[in-house]
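Two complexes, one shared chain (chain A), two partners (chain B, chain C).
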Partner chain A sequence: MIALASLDWRAAARSPRVLIGAVLALAVVGCALLAPWIAPHDPEDQNLVASLLPPFWVEGADPAYLLGTDGLGRCVLSRLLYGARVAVYVAVTASIGAMLIGGTLAHLAGYFGGRVDWLIGRAVDVWMSFPPVVLSLILMVALGVGVNNVVLAIVLVDWTRFCRVLRSEVVVVMHRDYIAAARLVGFSHLQVIVRELLPATAPLLVTLLSLEMGIAVVVEAILSFVGMSVEANVPAWGVMIADARTTMYQTAWNIVLPILAVFVTVLGFNLLGDGLRRTLDPRLARGA
Partner chain B sequence: MLLAVSVLLFVVLRLIPVDPLALSVSPNATVEEIEKIRHEMGFDRPIVAQYWLWLKGALRFDFGRSIYHRESVASLIARTLPASIELAALAILVATVLGLAGGLTLFHVRGTRKEPVLDVASIAILSLPEFLWGLFFILLFGVHWALLPFTGRLSPEYSMPAARTGFLLLDTLLAGRPDMFADAMLHMILPALALGVGFSPAIMRVLRSSLQDVYAEDYIRQARLRGIGEVQILLRHAAKNAILPALTLMGVQFGFLFGGTLLIELIYSYPGMGNMMVEAVRNADLPVIQAVGLVYCIAVLSINGLVDAAYSMLNPKLRPR
Partner chain C sequence: MPLLEARNLSVAFGPGAVPILRNVSFSLEEGRVLGVVGESGAGKSMIARTIAHMLPPRFELAGGEIEFRGRSLTRLPERERRALLGKDIAFVPQEPLTGLNPVLTIGRQFGEHLARLSVPRAARERLAMLMLESVHLRDPQALLRRYPHQLSGGMCQRVLIAMAFAGDPGLVVADEPTTALDVTIQARIMRIIAEMKQRHRTALVLITHDLRLAAHTCDEIMVLYAGCVVEHGPAKQVFGEPRHPYTRCLALANPSLSGERRELVALSDHMPGLTELAGIAGCRFASRCPIRGESCEAIEPQLALQSPGRRAACHHLDRVAGIVAHAASALAPAPAPAAAPVLRVEGLTKRFSEGRSIFSAASRDVLAVDDVSFELRANEFVGIVGESGSGKSTLARLLMGLEPPTEGRILIDGRPLDPADAGSHRLRIAALQMVFQDPQSALNPRRRVASIVTQAMEAGSRRATWTQRLERAHRLLGDIGMPEDSALRYPAQLSGGQRQRVNIARALCAVPRVLVADEIVSGLDVSVRAQLLNLLLRLKGERDIALLFISHDLTVVRYLCERVLVMYRGGIVEAGATRDIFERPRHEYTRRLLAAVPPDDLNSRWAGLEVPADEIEESA
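After this line comes the complex of A and B, so read on.
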């Protein structure tokens, strides 16, 4: 917490990237939180008489279904809003989980070096030799479907992203004099890591967290597209995309809209991450 | 390394709650019959013994039989792997060309008003994962304009040529059928483009930043003072040093790219290893999942190895004296 408070948030808030990214991300989070109140229909309600309606700006639309309906006559807008709940839930929990595991191991590896570093480094190597998509699919086979299993699978796959990048940062910081000074003053290992190392690595940590949220949204979309993510009755963006493929020749909107939803969400997190990296890292801050 | 990977795979897959036998026995088999099959397939032994049995087989390229296809896993892989390699190779080509061109452009506009615009554009490209690019291209070029085919590897009027190498592009040429080669090529444009485009922005961004680092060095200023032209400086002085960090990242990216073939193959109904993997996952076909997972790892490790080799070739500091 001290580490987070010490970051230069005011500088970050002046960066257009951070602002745009934060607005996009917050808009999606807002949709997710408010979905039960703002969604015009139940996302699972079928209206077979009114299937494959176009969105409101296209001729032949029904004003009751602002973004049209899918092949089973379900309201696309409501499904998008409820799909945001899955996306945001997975993005937040999975990225925090991956950060806790990857970040902790990175600090341990970088701080203690030697055998600890070797062991953690080899573990990362083994993990990284799986393409992430393949590993998460295999994990989902083992875990079974369900949104919390998706979170677990993403954490188990993506902790390496944090670990690898943060470890090299920790190694760099370890060479600084103030770390040696802290040890000489008699700080315990834990005190050095939390009070001296963490403030130095926090900018990178926050950046990676934001980027990981985007990655988590993509992985969830991939898994639900393949049918290995949420239970069948939960609307998720990947499920919508997969459903819409069957009606691709009649209407493109059904597939374009959830793709746009994924795109906007990931773009928001990526812009936020990139902007934070430029403004929070003192070495890059000049050029931001 | 591979040993550790295979142990991890084995343990994860044996934790699966589904019974791998459920698919392979007839519904009215008696308990004794099921136990007999279980014993034949080795599923009744302790996990360490099972792993040992599997490892002994794997070293002889015997990965057991697919429960779903009732065919040896090795021959399934032999049929589908070349298709995936072909797709990945083309995609790597696309990603490299786009990445280098984009990286140079991003670097070229540094300090101008165009920079933030192009920079955000590259983040935007990065924000659409490759499988969504794939769907997008299908909608645009396949359905809307109907320019390019987007299912399978060949049009239905052609039958597959004799598999001499397994690589369709080579096989069609060896069979002396340029028309078939062109058809196969057309089928690969969209999947390779989707996969390549999805992976190019990362290369662009690293190349840009490593060019920026190199241009801050004294020897570039020195070259400029000697009156050498900007193009010469870029090509002969800067590019060689700037390409190294980009190459390291490309190694990691190409590993991811090979994993990306999985979804692209699924979307384009392309009969490669990825499609087989997804099918195996849906059918809980353990021997296939296990072997294909391992092949993916071998592919990633060998790509990384190749990149390491290229790296030491380009970096004189790492050359043995």
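After this line comes the complex of A and C, so read on.
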């Protein structure tokens, strides 16, 4: 955690990208946490009399359903808010999981070099030669349906991204003499990695983490769209998009709103990641 | 009419800021050589950049005028400037390898350059070969087909010199043309530049940090300090009897290769940087000047004519002669080295295998260190000299265990070290510590100074409290002559010399008995280098410490060390007491190294210049 504390967060907070990204991401996380209190209806409550109501700014709307209802008369706003829980849960756990596996292997490969580097490098090569969508579908078939299995699938597919990018950064830092100097004052290998290497790679780590959250949201939406994620009675954005396909010619809003939710969330995480990369990386910050 | 004339040239960082180059005036006649001498940050390169109209981003011309053959270079339309630069005014860069495009052959680049000079296509190859021959490059035909990475740095620099003179320019600006090259090549490059200048009757602006080099190769010298010209005059006079205190200190801060050893005059502190200049009302040198008076900090001295052709800017010119170097007897008397060696190296060899892969069984072995043996006693300073590629740095890495040796043993107090054993590693680092070459790279930018210098207290299972570490840091900083309040700063907030001190302090924290120092003063300015050399000598007097000082600079080794080992192609070719080696070198290579250094006595010829330029073979 020393590594994270040493980053220049104040500089990051001045960047408009980071600010906008953080506001969007926090808004989505806030919706997810507060869903049970701010949602006007139970997301699974069906009101078949009031099905396919449009959102409030369109004529014929019902003020009780601000964003309208779907084909089964369920409140779209409530379903979006509850859907955010699935999205945020998957984004946070999957990206942290991928970071832990990929980051650890990257630091080991870059620090020890030689055979360790070769072995981990080839493992990543083989892993990446599977098309990611096919790999995750195969994993889902093997693991079975369920949101935790989605997380596991994303971790198993995407750790390679962390490993590749971080390893090259570790190799760059390894060429600095202060790494050798730390060994020469008696630091153990673990101490060098944690106290000297990690603070230098932390900016990239944070950036990749943020970008991975956006990717995880999209992957979860795809898998729940094809029915391989959450159970049928759990509201998720992918499920909403799938449900709305049958009625999209009557009310396009039912399909547009969950897509917008995915869009805003991913945009938030990506802006945050890109902004952090620009402000925390001293090489880029100096030029700006 | 002079060829090049600058009048009150000023360059500032942004409008209204304090000028980084202030009121610089000079003129250069055809065929003459002007040396611009100063430390880094003095504004030397700004002069070259102003001529080329290539100031760094956000810097701008704040005033003054620079004329070439009576035409203003500052107000020239872009089109005419392009016609002039590269043709009538040519440049020789500092880094020869970055001056050439790595993906194009020499022939292609030379051809493009000649095309710009509107040489007809048919004549280009012949002219290129002629020019390459004139800089003493052998087999120019084959050279034209090669890529820059296949040539050595010295050869690349010669190609660039040939290109610069190809257009028969009136003026060549050479910005530190030999700084990135080895000592023995320096003399040869300077000789080639002198020859080419003679042949093409070109005027030359030579920008350098080396006052002695300038004295040997220039007609006039202009000394810059913090953006101001402090002294200007005929080269031999400026070097022989400097009028300005800064020039005098600069000359006395340089150790010499012959004569009596004298203590170096080390100016305190460092040259004021861009931000500090704003607070200085008077003489910019006043804070470091050994002869400053009351008026100096308030009133800025003007550059005034002292005698025909000599200008200097100082209020107290009469006191300058009072700055003298003490004889070496004033240096801490060297305690007699102990009898038993602390460190002993026996037949140390390191072989790197190149090109071995699963696709090719054949490998090419490179002997980086070849059967090296020596001893080091407590309290003894031993220098290792040699050019780049001689295996000096690999030897240091082998000693520190950063690389395993292929053969041979390292013994500490008679106990052999086993590279694979953790106990040996502890034994090694308890006795040996290393000071790295580049403090920029050797100091973790995310740690405070106190945390860096006491890093040894954090190692392993040791748990020192921050108060304990801060206390130790204060003592260490005192030892190396740095203020206590620097303990809480980050390396980025220190000057280059201070960073190198911190680098030394870290190695001292564990109280080692041997310091291995790899080129630790080569990146520093002359006045800062003198501070560090004196610091090392003081440490020697204060603690029983031995030093293995790796350097390419013979003058520094002569100043510091009692014994010298000369390394050439991985092996030690000559070893002995410093005095013997410098006065009676036996090996051919040692003689060549000594001849490459410009002598202090301007009347004796610089032997490096005498060696025919194509005699010494150069391996790429």
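By definition in this document, the second predicted complex is superposed on the first by the 286 of 288 C-alpha atoms of A that agree within 3 Å, B and C clash if a C-alpha of one lies under 4 Å from a C-alpha of the other, contacts with A are read in each partner's own complex, and residues count from 1 in each chain.
Here is the rule we use: a residue touches a chain if its C-beta (ideal position, glycine included) is under 8 Å from a C-beta of that chain, and two chains touch if they have at least 3 such contacts.
The structure presented is a predicted model; accordingly, all values stated were derived computationally and were not measured.
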Exercise. Overlay done on chain A, so just call it for chain B and chain C: clash or fit.
Key: fit
Quiz item: For A:L184, is the partner it touches chain B (first), chain C (second), both, or none of the two (neither)?
Solution: second
Quiz item: A:M248 contacts which: chain B (first), chain C (second), both, neither?
Solution: first
Self-check item: Which superposed partner A:G227 touches (first chain B, second chain C, both, neither)
Solution: first
Quiz item: Touching A:R176, do we find chain B (first), chain C (second), both, or neither?
Solution: second
Practice problem: Between the centres of chain B and chain C, viewed from chain A's Cα centre, what angle do you get? Round it to the nearest 10 degrees, please. | Solution: 90
Exercise. Pick one for A:E212: touches chain B only (first), chain C only (second), both, or neither.
Key: neither
Quiz item: Who does A:D117 touch here: chain B (first), chain C (second), both, or neither?
Solution: neither
Exercise. Go through the superposed model and pick first if A:E196 touches only chain B, second if only chain C, both, or neither.
Key: second
Quiz item: Which chain, chain B or chain C, is in touch with more residues of chain A?
Solution: B
Quiz item: After the superposition, what is the least C-alpha distance between chain B and chain C in whole angstrom?
Solution: 5
Quiz prompt | chain B-touching residues of chain A, taken from the complex the two chains share | solution = 16-17, 122, 125-126, 128-135, 137-142, 144, 214, 218, 221-222, 225-228, 241, 245, 248-249, 252, 255-256, 259, 262-263, 266-267, 270-271, 274
Practice problem: Going by the contact rule at the top, pick out the chain A residues touching chain C in the complex. | Solution: 6, 175-178, 180-188, 191, 195-196, 199-200, 282
Quiz item: chain A touches which residues of chain C in the complex?
Solution: 400, 402, 426, 429, 433-434, 436-438, 441-446, 455-456, 458-460, 506, 509-510
Exercise. State the interface residues of chain B toward chain A in the complex, per the touch definition above.
Key: 1, 4-5, 8-9, 12-13, 15-17, 116, 120, 123-124, 126-129, 131-132, 135-136, 138-139, 143-144, 252, 255-256, 258-260, 262-263, 266, 277-278, 281-282, 284, 289, 292-293, 296-297, 300-301, 304
